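Going in written order, the chains are labelled A, B and C, and every chain counts its residues from 1.
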Amino acid sequence: MDANELLAWARGPGFDIALTIFVAGMLLRLFEVMALGKKPDLSAARGSGAQGGMRTLVARTLPRKSVFDKEPLRIINGYVLHIGFFIVLFLYEPHIALFDRALGISWPGLPSGLIDAIGAITILSLIAALVFRLNNTVMRFLTTKGDWLAWAVTLLPVLTGYMAYNHLLLPYTLMLALHLLSVELLMVVAPFTKLTHMFSFATARWYQGYQAGRRGVES
Amino acid sequence: MSAPSIEKGIEFIKTEIDAPVASFFSACVHCGMCADACLFYTETGDPKYTPINKVEPMRRIWEREYTLVGKLKALLGLSEPVDAKTFEEWETLVYDGCTLCGRCSLVCPVGNDISGMIRKLREGFAAAGHAPEGLIGASTRAVEIGSPMGLKLPALEAQIKHLKNDTGLDAPMDVKGADYMVLLSSMEIMNFPEYLEAIARIMKQAGKTWTLASKAFEATNSGIQIGVSDIARTLVRRVVDAAEELGVKTVISPECGHAFTAIRWDGANLIGRPYKFDVKHILEVLDEFVEQGLIKTEGKEDAKLTYHDPCQIARKGGVVDQPRNLLQQIASNFVEMEDGGAMNWCCGGGGGVSANERADEVKLTAFNKKKSQLQALGVETLVTACANCRLTLEEGLEENEMDIPIVGLTEMLAEYLVDDDKEKQAS
Amino acid sequence: MDDLSLGERLRQRGVSRRGFMKFCAATASMMALPPMMIPKIAAALEQAKRPSVIWLSFQECTGCTESLTRSHAPSIEGLIFDHISLDYHHTLQAASGDAAEHAREEAMQANWGEYLLVVDGSIPLGANGNYSAIAGISNLDMLKECAEGAAAIVSVGTCAAYGGLPMANPNPTDAVAVADIIDDKPIVNVPGCPPIPTVITGVLAHFLTFGRLPELDGLGRPKAFFGQSIHDRCYRRPFYERGQFAETFDDEGARKGWCLFKLGCKGPTTYNACATAKWNEGTSWPVEAGHGCIGCSEPRFWDAGSFYQALSVPFRDVGDTILAAGTAGLAVGAAAAVWNRKRKADAREKRDTITIKDLSKES
């Protein structure tokens, strides 16, 4: 199989398979969670649960000052990682073309050169995340094999994308194929690792926020 | 009814896992930020105290029982099972190493309510026979005698008699249709009788009718701490039955943190229906009284003092502003503790830890947090509003040879009430 | 046919020494050879004797020959072509029928082991090779026969190099490339649909100069011409870097000459010299004319998705896939939900009331 064939597979059956697993897998996870149900809270409400849910959904995006002060670098790195990943994913024109085809909506992107720089920052940030994880007693203690996997499958698309763009190591066509394959790997793995947090962060925040809202407590 | 067993424990945990719990486990990214929010971790430096690790048995059961990937992992032998060893290993983390203070839940970037999960996990540990002796004893006394400290009605009646003799104030019992039914914690009856006196004086000045209930004077709920809903329900039902029998409008939860959680939030869910009365914490009531001008204070405490927020009242109960409003009324030199309010640090003895002798050592280690906070402030007096916090703090201060008096906010407020009926305060 | 050397022939045709050296320099630069090689190329070409070339056309459209003949009437590349002894070429030779086949056999015998075999078109293997035959000889047999005595083979055009259009799905004739059949001769692929004439002549010039084929890449193409992608040499590249793309063929971006990536340009994955060599004597090339590269010099370019879909876009309609996956997810999810509900209900049923007597292990 040469690079062109690999690319054709990645753009054809590979993508379909990966997308199917991603969508079906995430739905499966959602159903698995929701099927477990939640008993209604019968205690007298002090405030609005829905308002609390919405508030926490948004507010938890920023850390409390005392939390931030403890490890500012790690927390900033977390933002760089997430924001960098989102910019590269959603604001690179070739990616927008994909979303346009998938969802029929498009939006203005950023210059490719800028995306390139942000991609480099994102890669460094992911590596920094690994270093933080290795050097933090608690994180090292908590880390599972799944975490390494999640880290690797997150890094690979950014790395191969960066390498393809900059013609590093391998011919562009092969690297582009590897890039698409790595994205497909991410899509296949995501529903079955902690990467589910891309969606479940919202339900988790909602549930805590909802209870906090009903009780009129901070969250 | 059956003997405790690991299988039973696992089945219980399975029933406790709901959509929020599943969401929380699906969202955790192992960032470890909850560790720095937990005083058991910060004071011991041992990563096993990382809050999310304390619910690891629950996560394993969730993954294995309720996810496809977990079932596959189990088939392939890729996941660790939950067995007798797991329960043994985690028992001290679930009971001794967590006060259910809920601080971790507030820092989790994905919004996981970890302390809520530990509360649920305790159901399984208790069913598996892995609850600590101290809590089993307290629960047994609560169910059989009527109070976790083994205190019976005559002891309360004796205190009421003392009160009458000493102050001439009355503490009415079983008055139908009273505005307020007042609950007490047995610690207040035994260790801090000033509380009852304060209530009597405040109610009198506010012109409110109130009553104690002979069938349900005890507010604490060991069932909540040990994590047995069936016991918690039995205990809560006593209060509900008494309050509805007496037809009171409002039940006042005393200066006790978990009692407030038990009656205010968990109770209706335990008995499976809403109450026919309101539940308020005493500080909420006092703040209302002051605001409505029903009670007036004069003079202020000059000593430099700070307020320790009981977790269940502030962070989990939402009673944060009221104590501060009240302290503004009666203290001229009130200073906030670092992280005061919703992000306060636990005393180290909540959530059943103080009733669990096995946890004494780690509890004292955890107290170092409070110790350093207090040392940083250099206060002369410490005010709080939870009998359990108060006892834990007193013990910790004594152990560390720190001489800071601790007072309950209610009794402190009562001391500064305007003395408008001196004749009844004779002797 | 005379025995003049190339130098003599060029001078005969009135090409100056200066013009000749310019050609040599251009050839050197196209093949990425150092400038010090220019005199060597000149000397070698000056002295080169006409090699015999046999040109076989199989399943093809004659576009490759058209490309070659149309573009270079007065050029030095054309003269180079005059200089080789094209002993057999269906389309171009005057002889036909038996006489033509005779010429081929004669040339083969006379130059056995030394002639250059040029092939355009793919070779059908289906129906015992009977989908295409010349003078009763199947393409497959003729290729094998001619390859045997060849010094080297040049596969001109994407069909000969990679199977090309005849091999596109569903490949009804079972077409294959030259290299799929011949494995004991040096083969150079000069893909393109059609290939750039300069590239064909460049390869021949290299063969004449050095007596061997140029350095090849993994796909058997001369690195000198196929070393860089269209995208990397494209004059519209700055627009790609700035994120300026034509969204349709008639929008403002298209008029302003912005990048055609989103309109399906395959420049990034296509390795060819179009952007620098251009077409029609350097007049223009597809991207300059406002159409994205279709990647015609790459293997399986016909089956690499729509010419008008961006490289980053999957082949199939993503919406369809999501819909299908969603349906599957709902089904699997519903099954999992039922299963989980049952598991939980079972556990709830088994959960009996706990009293204080049930707390201690001893009891």
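To be clear about the criterion, a residue touches a chain if its C-beta (ideal position, glycine included) is under 8 Å from a C-beta of that chain, and two chains touch if they have at least 3 such contacts.
Computed from a predicted model, the values in this text were never measured in an experiment.
Placing every chain at the mean of its C-alpha atoms, the farthest one from chain B is found to be C.
Central chain by Cα centroid: A, whose mean Cα position is closest to the mean of all protein Cα atoms.
Chain pair with the larger contact count among B-C and A-B is A-B, by C-beta pairs in contact. With centres defined as mean CA coordinates, chain B is found 38 Å away from chain A.
Taking the mean of the C-alpha atoms as each chain's centre, chain B and chain C sit 76 Å apart. In chain A, the residues touching two or more other chains are 28, 32, 34-37.
Contact with two or more other chains is made by residues 336, 340, 344 of chain C. In chain B, 17, 66, 68 are the positions where the chain touches two or more neighbouring chains simultaneously. The residues of chain B lying in touch with chain C in their complex are 1-4, 11-12, 14-15, 17, 65-66, 68, 126-127, 129, 131, 133, 136, 139-140, 143-144, 226, 228, 230-231.
Chain A contributes residues 28-29, 32-39, 41-44, 46, 56-57, 60, 63-64, 66-67, 70-71, 78, 136-144, 147, 192, 194, 196-197, 200-201, 203-209, 211, 215-219 to its touches with chain B in the complex.
For chain C in complex with chain A, the residues that touch the partner chain are 218-219, 229, 231-232, 240-243, 245, 261-262, 268-269, 271, 298-301, 303-305, 309-319, 321-322, 324-326, 328-330, 332-334, 336-338, 340-341, 344. Interface residues of chain A facing chain C in the complex, by the touch rule stated above, are 2-5, 7-8, 11-12, 15-16, 19-28, 30-32, 34-37, 93-95, 97-98, 101-104, 109-115, 167, 171-173, 176. Residue ranges on chain B touching chain A, taken from their complex, read 17-24, 26-33, 35-37, 41, 45, 47-48, 50, 52-53, 66-69, 105-113, 116, 264-269, 272-275, 278-279, 315-318, 320, 339, 341-343.
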